[in-house]
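As written, the chain order gives the labels A, B and C, with residue 1 at the start of each chain.
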Amino acid sequence: MERRSFLKATAAAAAFSATGGIAAPALAQGAAARTLRFVPQANLANFDPIWGTQYVVRNASLLVWDTLYGVDETITPRRQMVESEEVSADGLTWTFKLRPGLRFHDNTPVLAKDVVASLTRWAVRDPMGQMLRALQNELVAVDDNTFRWSLKAPYPKMLLALGKNNSPCAFIMPERIAKTDPFQQITEYVGSGPFRFVRDEWVPGAKAVFARFDGYVPREEKPSWLSGGKKVMVERVEWIVMPDPATAAAALQNGEVDWWESPIADLVPVLRRNRNIEVDIADPLGNVGSFRMNHLHAPFNDPRARRAILMALSQEDYMRSLVGDDQSLWKEMGGFFTPNTPLYTEAGGAIMKGPRNLDAAKKLLQEAGYDGRPITLVVAQDQPITKSFGDVSADLLKRLGMNVDFVATDWGTVGARRALKTPPSQGGWHIFHTWHAGADCVNPAPYTAMRANGDNAWFGWPNNPDIEAARDQWFAASDLAGEKAAVDKMNALAVDFGLYAPTGFFLSYQAWRKNITGVVKAPAPFFWGVSKT
Amino acid sequence: MSTTFPSGGAPAAAPVMPDVMPTRIARKGITGYIFRNPTIAIGGFLLLLLIFVAVFAPFLWTKDPTALAPAMRTRAPSERWWFGTDMLGRDVYSRVLYGTRVSLIVGFGVAFFASVIGLTIGLISGFVRWADSIIMRVMDGLMSIPSILLAIALMALTRGSVGNVILAITVAEIPRVSRLVRGVVLSLREQPYVEAAIASGTRTPVIIWRHILPNTLAPMIVQATYICASAMIAEAILSFIGAGTPPIIPSWGNIMAEGRALWQVKPYIVFFPAIFLSITVLAVNLVGDGLRDSLDPRLAKRV
Amino acid sequence: MFAYIVRRILATIPVMAIVALFVFSLLYIAPGDPAAVIAGDQATPADVERIRASLGLDRPFVVRFGEWVFRIIQGDLGLSIFTNLPVTRMIAQRIEPTLSLMVVTLVLAITIAVPMGVVAAWKSGSLIDRMVMGFAVLGFSVPVFVVGYLLAYVFALELDWLPVQGYTPISNGLWPWFQNLILPAVALGGVYIALIARITRATMMEILQQDYIRTARAKGAGQTTILFLHALKNAAVPIVTIIGIGLAGLIGGAVVTESVFAIPGLGRLTVDAILRRDYPVIQGVILLFSFVYVLVNLLIDLSYTLFDPRIRY
């Protein structure tokens, strides 16, 4: 210990003399205290939250762009850019009034026409937006501060659509930017959020920098997730991308970064041993792992084969392999919706939990006519979560007596391949893995993976009109009891149909240096209210 | 060779050279060979040992290297798990032993294919004048792409399999072999006896068989051992970056890639395959050095 | 001489053309789909199709290759599919760390390896020679990431002498810049040191047998003078040649080193781009690396006359 601190002192002295005297390090110290260095879960490769919908893009966008409404920690939408709204008695006409004093980063005021253009672009790409578009009569600016959305049929989830934290969020951009084709990337990153994007310092794959926007007027309310007063306490936020978790852990231990969004569970004990580091659950809504089957091709075109998987799949194996021995970090799911949230249900989900029954599953597979053909399992190796899932699945299928054609590849290729409807032997697939943020599985609205509308459904293309009907029932429900009934029905139908196989619910950690205060548990890292000493 | 330096030099220099002399004691048979070529002997012994491990891995107290046991994950080395277990609870000892197969197959496979293809291309280039400049430009082009980048790019095209790893690394190594062979051919063609053979109308295949191949063999074998060693490293790097051998096949690169995130807490997952890889590459390099010294006439003359 | 230089420069054109064709067609037949990556996890197949069309990925090979070459000649490497930034700009952002890493590694490797090789040749057969040769073989045998992790563990985490990761621009001061580069340069330099030390030793051993060295000794020249002035100067050609050839390995090693030490350089850009199928970036970076390699080896060829007056063109 003695020797080490001596060596440290020597090194510090050397650094000191090299930077030329007292003034420089002192200055550096001040600047360091005002700059928050953050290691994000992934690289910010593109920066258009409507065009690219990865979680990391959404998270960065939350700094730069504001939303009309924002959900709080109970997933209730609260007013954010909107001052007041009014809905006609028939539920068809919504009139919104903007909060005064809103400004974009280029110092122009936020006007109703900006909102109209932004919502128009967003509605093309967002699942809820698409529903609104289908019902839309007109979306117009009444005056500079007021806009109106009139519909052909009531849409009770209007405010949730505008304030949800699921990607793509309904971000408000200046009209000239929002006029970009929704399938083209925007090239200018101007918003009205609490931070400005410092484009000159953006090095995709390595670094992204956000500076406090002095023209931002926070709301008065206490901040809660995407709602309330977004007060910024640091001058700069630097996102530093680190592809190697071991490096990120070392950097956090050495104080070279302040906050790490997604430490892997195995490294948490090391971080906990460090007295300067705080470790806590990142997102209480967690994640839902997915074993996704292709409903178009044998054997998984038969519900019995898919049910066999639900029966045999041990969520415990998947979860232990991924997050380790800490049992507080994971949970077996008896259904498809996010555990610990109001709509979570285990209706009909008995076969998903408890002791696994391989023999019964094998029998079901036989009944479904499985003929020993190779099962194409496509696994992205560059994502720790899918990589670990893939290894467990290969083992599971082997034990079920299935022949596995293990396709190890990267996330980009999985993305391309899963979109192919051709038979697995001709470039298609049987199974791939992914995971959904728990926030996307709290209810049917953002839960694209639970759609069962055949060709238009999410990859795997489940086709089951009953499930879709139950989903519509949820949209029409106006109280919690009605919503619950609809979701119970949807869950039971989906288990029976073997829509997909959840591999378990898991939480992940975040870690930060103790000189940072104000980090909250949330579905995304929030930088307002965070200060550094 | 000179045995003593003129006395004018620094005194420390004088007695150095004669020190190597005792190894020149002439002996017959295997022991003699070993004495004359200690590097080949050591390298060869290690290599044979590793080949033995690869072939007999199932009988060396191993378990199924792919069997998961998530409840027994990341256990430290102990009597039950000699090298510990990884994050899926697989036995690292068994994985490392089975991993020997992949490294050796990739190393030898690349060395073989790169030599055969490189030899063919080099011969064509050396004998077919009009093709020479085209082939050599293509080889220059390939050679100017850093081989690891080239292999990664090739792996991104195909799916991970041991065959594709061999293919990708082979493509990157071919230019070196073909240039070497072409160089030998061109210099041999200038030799009076080859010129005489050509002038007397001997057919090209015969010239190649009689005069060229025997002289190409020595430098090629040496080159092939180096290719073998670098292919093993390349396999590990590819797997390490996630563009190599499919992860369900235990290879040293894969084991290290999976353990890399945990090197701070569970260093043994990376440590054991790293040791095995280093020893294997070392063994191949030693054999290569030994072969070079005993086969390369120019260098052999001196020692 | 002048004619030779012109000829050598012209000879690089077909090489670069082949690299260009190779790089372009390689990625043309790649199976991964950037459109799918961009669209994200929640996108529907129809979304993916539309993004693909909007990126122009659905047009024929010849059209895309022709356009691409035409633009490259004008110095335009296109826009990254993912960031929408010009590839030239992305490369420019990343070039300083990689260049710094290369230069520091190169200087380090040469200053360590050449004296090592010279001493080994001079004391050929001695313990020092065996140690040097042993180290050289070891340098080839241990993968760069293993060395990297070991160094980071010992010197950064345990001893806390040096930073674990990252890069400080040279504009922030020479020491902070250098501090961040020491560990990666040592890790990356291992193979290079081994390579240069071996070739130096082999060449020096050959040269020390030459008549003029004996003459120099006979004339009573000092050992150091003989080694470093007479012999090393004559050994320069193979040593410089191997430095040029080894550059390709150095670039490859940088890819791994940059990822282990989180250095925001070109190597990481390449790997990220390949894993993400960002075609324009992959093409630009591989072209650049090849160009640098060709250029450096051209300069080395031309430099032979400096080292060895017997070589004339």
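We adopt the following convention: contacts are C-beta pairs under 8 Å (C-beta built on N, C-alpha and C of every residue); 3 or more make two chains touch, one makes a residue touch a chain.
Keep in mind it's a predicted model, so treat the numbers as computed, not measured.
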A-C or A-B - the one linked by more C-beta pairs in contact: A-C
Most centrally placed chain - per-chain CA mean versus overall CA mean: C
Distance between chain centroids, defined by C-alpha means - chain B, chain C (Å): 21
Interchain centroid distance [CA atoms averaged], chain A/chain B, Å: 46
Where chain A and chain C are represented by their mean Cα positions, the distance between them in whole Å: 38
Where chain B touches two or more other chains, by residue: 156, 242-243, 260, 263-264
Residues of chain A whose C-beta touches two or more other chains: 244, 246, 250, 382, 409-410
Numbers and ranges of chain C residues touching at least 2 other chains: 31-32, 149, 157, 259, 275, 277
Interfacial residue positions of chain A with respect to chain B in the complex: 244-246, 249-250, 264, 266-267, 269-270, 316-318, 320-321, 324-325, 379, 381-382, 384, 387-388, 390-392, 394-395, 404, 406-410
In the complex with chain C, residue positions of chain B that touch it: 1-2, 5-6, 8-10, 12-13, 16-17, 19-20, 137-138, 140-149, 152-154, 156-158, 229-230, 233, 236-237, 240-243, 256, 260, 263-264, 267, 270, 274, 277-279, 281-282, 285-286, 289, 299, 302
Residue ranges of chain C in contact with chain A within the complex: 31-48, 50-51, 54, 80, 82-85, 90, 93-94, 149, 152, 156-166, 173-176, 179, 259-262, 264, 268-269, 272, 275-278
Residue ranges of chain B touching chain A (in the complex, touch as defined): 66-68, 70-71, 73-74, 87-89, 156, 159-160, 242-243, 246-248, 260-266
Chain A residues within the chain C interface of the complex: 4, 7-8, 11, 14-15, 18-20, 43, 45-47, 51-54, 57, 125, 127, 166-167, 181, 183-185, 187, 202-207, 240-244, 246-248, 250-251, 253-254, 256, 382, 409-413, 415-419, 421, 434, 436, 440, 446, 448, 456, 458-459
